[in-house]
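Across the two complexes that follow, chain A remains constant while its partner is chain B and subsequently chain C.
And then the complex of A and B:
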């Protein structure tokens, strides 16, 4: 491949990534797959007040794939009033992402840091850390990611160890942390486990899903987008009764007033604020579609670009193969005549 | 409303993203500046973090001084933590050839601990559980009438055949001829399909990384005070400077 051809390829890929982000539209529907639904259904089956663990084992290098996944899982858990213990065993550089995810989603849902969720940060020596979490969290962590003494955190007073206390574990891994969590965390601690990973690792971890050691597996940006779709669908369900009571046409502001009157949860009001308050809708369906799209996250926003780039790469691979076989045929024909 | 520092932060991030992407053209001083900044900041952060979150709370505050905000009366010294602390310090003796042998004590302890702790769970979770789920009958599901679900049967047979044929391919005690040879050949096909699936996933992962930065440039940076137009101007400036630097380098050769 010449330098010029390489530049043309870069340019095409860049255009196919940037254009769908600049001119947003919905072409491809992200239907949730059974693997992703496994994580969603387990969290859905938990009761309010139950405790789950979210291990954010990634750093900024995998942020585009795993951070939207973390936000979607947290939004789902908090909407069900599930308490979440967060850790990050991959790298110290991932702690900032954990703090940001827990703070952002915690604020959206009006959750109290230390009571409804904690994020404990990073510890080295993964296997030892996981085993210590199973038996004594306070023995492993002295302070949380905000520097507060763990003895002062109400959630850890209720849940001093993972064994027999937590109902579910979700590991979002950029590296190899899923395996140790399976062997030393879930299997020894006796709690079910789901995982999210970068697309590169998806094939590696699929055998754990197939064996039932993971009851759900999310791979890459596509899985994050699927989870966002399910969470946005949940948000929409909260509105169905309220929309029936509104007289069309209506504005976002009018819907908001109706929702406050009906006692809708705070996070739904926040979700509604993503639409301009003076925007007018003629039908409930029109509003539902706009509300749904506004509450899809970063992963869904990137999926159109992803699909276009995959399509163009498939075309190039086919073209490359045709060219290769033609040149081979020509060489053979030339060889015979000579 | 964003603060001025947040806006500056977004612009700096935008400029650094473009500097990193400039490597697609070729290696250049902008790329190297961004690369060195990344490495320097990462290392500084890790050093600070290791001290603040690991060494200080786990060693210093357990053995020597109470953590800040805790009065000495409330604090309880845990002197036995001096042992892992010392073992940790012994690891550093590798930097001094004359006493490097001391680090073996720490390594021996660590290897012994890791092997002892890992063998059982590793055998159970990585080998036995995986082997069990490879056998066809463990993966077959039945419908309400007790009839075998055909797709699950096909799936489980594929898994079994795939695992066995790939294992045969990596089995070198017999020459790959006859039945063994044919089975190993099938194993190669299974491996090729698996590698193809992995490659597809890898493309998705790499494109996702670019999408992450592109989304930042277009959707996150853009609404904040027209940063998108600024980044386009920056891109043009970087491209022009890169072009003139290149020209200047090429001139003496022509002369």
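And then the complex of A and C:
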């Protein structure tokens, strides 16, 4: 492979990543798979006030794949009024991402830090830390990621340990943290568990999903996008009754007024604010499509890029093999003639 | 000194290893209390390991800069970044101060650089796919075909490419279906074997450490 060929190849990959991000379009449907639906359905089945754990075991290196997943899971949990305990056992560098995700989504849903959610941060030695979480959270963490004493946090007063208290655990892992959580967290603590991982680790954990040790498994950006689709769909369901009452054509502002009157949740009003308030819609379907697309996150935005890059990689592999067989044929022909 | 370096760590490893093993089979309050205490001690010891790690990495880079050895510029960048992050955390606070320099550097420098490092892989994989993913042998051909199917089956374009087969007798030939079968059957079977092997390996290594046969954790002494 010449230097020039390499540059052309890099340029093609770069263009196929950037262009679909700049010029967005909807061609490829992203259907939620049963593995991702496993996590979604479990969270859906929880009751308001139940407690789940979100272990954000990744650092900025895996942020593009796992951070959108964390946001989507948190949005889903908070929309169901589920309380969430957050930790991050992969590396100290991941704490900032946890703080950012919990603050962002917490504010979106008007949740109170310490009451509706906590993010405890990082502790070294994963297996021991997981086992300690099962029996005594306050023994392991003296302060949360914001430096507040854990005894003062209402959520941890209600939930002093994970065993017998939490209803679900979701681990978003960049490294080898799923296996310890399965063996020492979920199995010993007696709570069900789902996981999310980078696309390259998906195959590693699939056997845990197949055996039922994980009741859901999200692999890479695609799974995050699938989760975003399900959450956006959920948001849309909140609007269906309201849309029937509106007389078309209508503006976003008119829908908003109607929603306030009907007592729609705050996060739906916030979701609506992603559309320009003066935008006019002729039909409910037109509005639904725009509202749905506006509430998809970073993962869905990256799906077109990922699709094209995977396709071009396939083309490269085919081209490389054609070149290989041609050169082999030439060599053989050369050998015969000699 | 030899006792402290060699025998003493072995005595600790043996006694704690055996006690942790025994407590698992004793359902008493004392046993549970011991287990919980150990689980709180271990992360504390891990915290000291982090300090040792910091000491080691800073020491290595300082030496590189002092000797002006090859790539010392990178070491200099590391040391400046290390001091900048540490000082801003100590003086202005960490992530709890959302407008402080530590938060700013974390979210505007560290996070994008970390993500960039990982993203560069896309270019290397593209180049490697073109250069070396060849059907040289039957094994390599199977690997190549599986890789292409899984690669297309895991993105929406793969679903779209074979969507015309959805309601036909050949529905099972759709990329997501074939990719799912490869992951669910062949891959899961292979990985389960690997995991069982890893589990047995962990048990064997643990027994060797507890009984003092394996001593590499003390610095490579045999």
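Everything below uses one rule, namely that the second predicted complex is superposed on the first by the 338 of 338 C-alpha atoms of A that agree within 3 Å, B and C clash if a C-alpha of one lies under 4 Å from a C-alpha of the other, contacts with A are read in each partner's own complex, and residues count from 1 in each chain.
By our rule, a contact is a pair of C-beta atoms (placed from the backbone, for glycine too) under 8 Å apart; a residue touches a chain by one contact, two chains touch by 3 or more.
If you're wondering where the values come from, they're calculated on a predicted model, not measured in any experiment.
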Let's test your reading of the overlay: on chain A, do chain B and chain C clash or fit side by side? clash
In the superposed arrangement, which partner chain does A:18 touch: chain B (first), chain C (second), both, or neither? first
For A:1, is the partner it touches chain B (first), chain C (second), both, or none of the two (neither)? second
In the three-chain superposition, say which chain, chain B or chain C, touches more residues of chain A. C
Per the contact definition in the header, classify A:142: touching chain B only (first), chain C only (second), both, or neither. first
Could you say whether A:199 touches chain B, chain C, both of them, or neither, answering first, second, both or neither? both
Please indicate which partner A:294 is in contact with in the superposed arrangement: first for chain B, second for chain C, both, or neither. neither
After superposition on the shared chain, which partner residues are touched by A:187: those of chain B (first), chain C (second), both, or neither? first
Counting only touches as set out at the top, which of chain B and chain C does A:99 meet: first, second, both, neither? second
Between chain B (first) and chain C (second), which, if any, makes contact with A:213: first, second, both or neither? first
For A:316, decide between first (touching chain B), second (touching chain C), both and neither. second
For the combined three-chain arrangement, which segment of chain C clashes with chain B: 74-82, 92-100 or 128-136? 74-82
Footprint overlap on chain A, where chain B in one structure and chain C in the other make contact: 10, 13-14, 17, 61, 63-64, 92-93, 95, 123-124, 127-128, 131, 199, 202-203, 207, 210, 219-220, 222, 306, 309-310, 313
Across the complex, what residues on chain A touch chain B? 7, 10, 13-14, 17-18, 21-22, 61, 63-65, 92-93, 95, 121-124, 127-128, 131, 142-143, 149, 179, 182-184, 187-188, 198-200, 202-203, 207-208, 210-213, 219-222, 298, 301-302, 305-306, 309-310, 313
Which residues of chain C touch chain A in their complex? 35-36, 38-43, 45-47, 49-50, 94-96, 98, 103, 106-107, 110-115, 117-119, 122-123, 125-127, 129-136, 144, 147-148, 150-152, 154-160, 176, 180, 183-184, 187-188, 191-192, 195
Chain C-touching residues of chain A, taken from the complex the two chains share: 1, 5-6, 9-10, 12-14, 17, 27-31, 33, 59-64, 92-93, 95-97, 99-100, 103, 123-125, 127-129, 131-132, 135-136, 139-140, 145-147, 199, 202-204, 206-207, 210, 219-220, 222, 303-304, 306-314, 316-317, 319-321, 324-325
Please output the residues of chain B touching chain A within their complex, sorted ascending. 24-25, 42, 45-46, 49-50, 53-54, 57-58, 61, 67, 69-70, 113-114, 117-118, 121-122, 124-126, 129-130, 132-133, 139, 159, 194, 197-198, 201-205, 207-215, 218-219
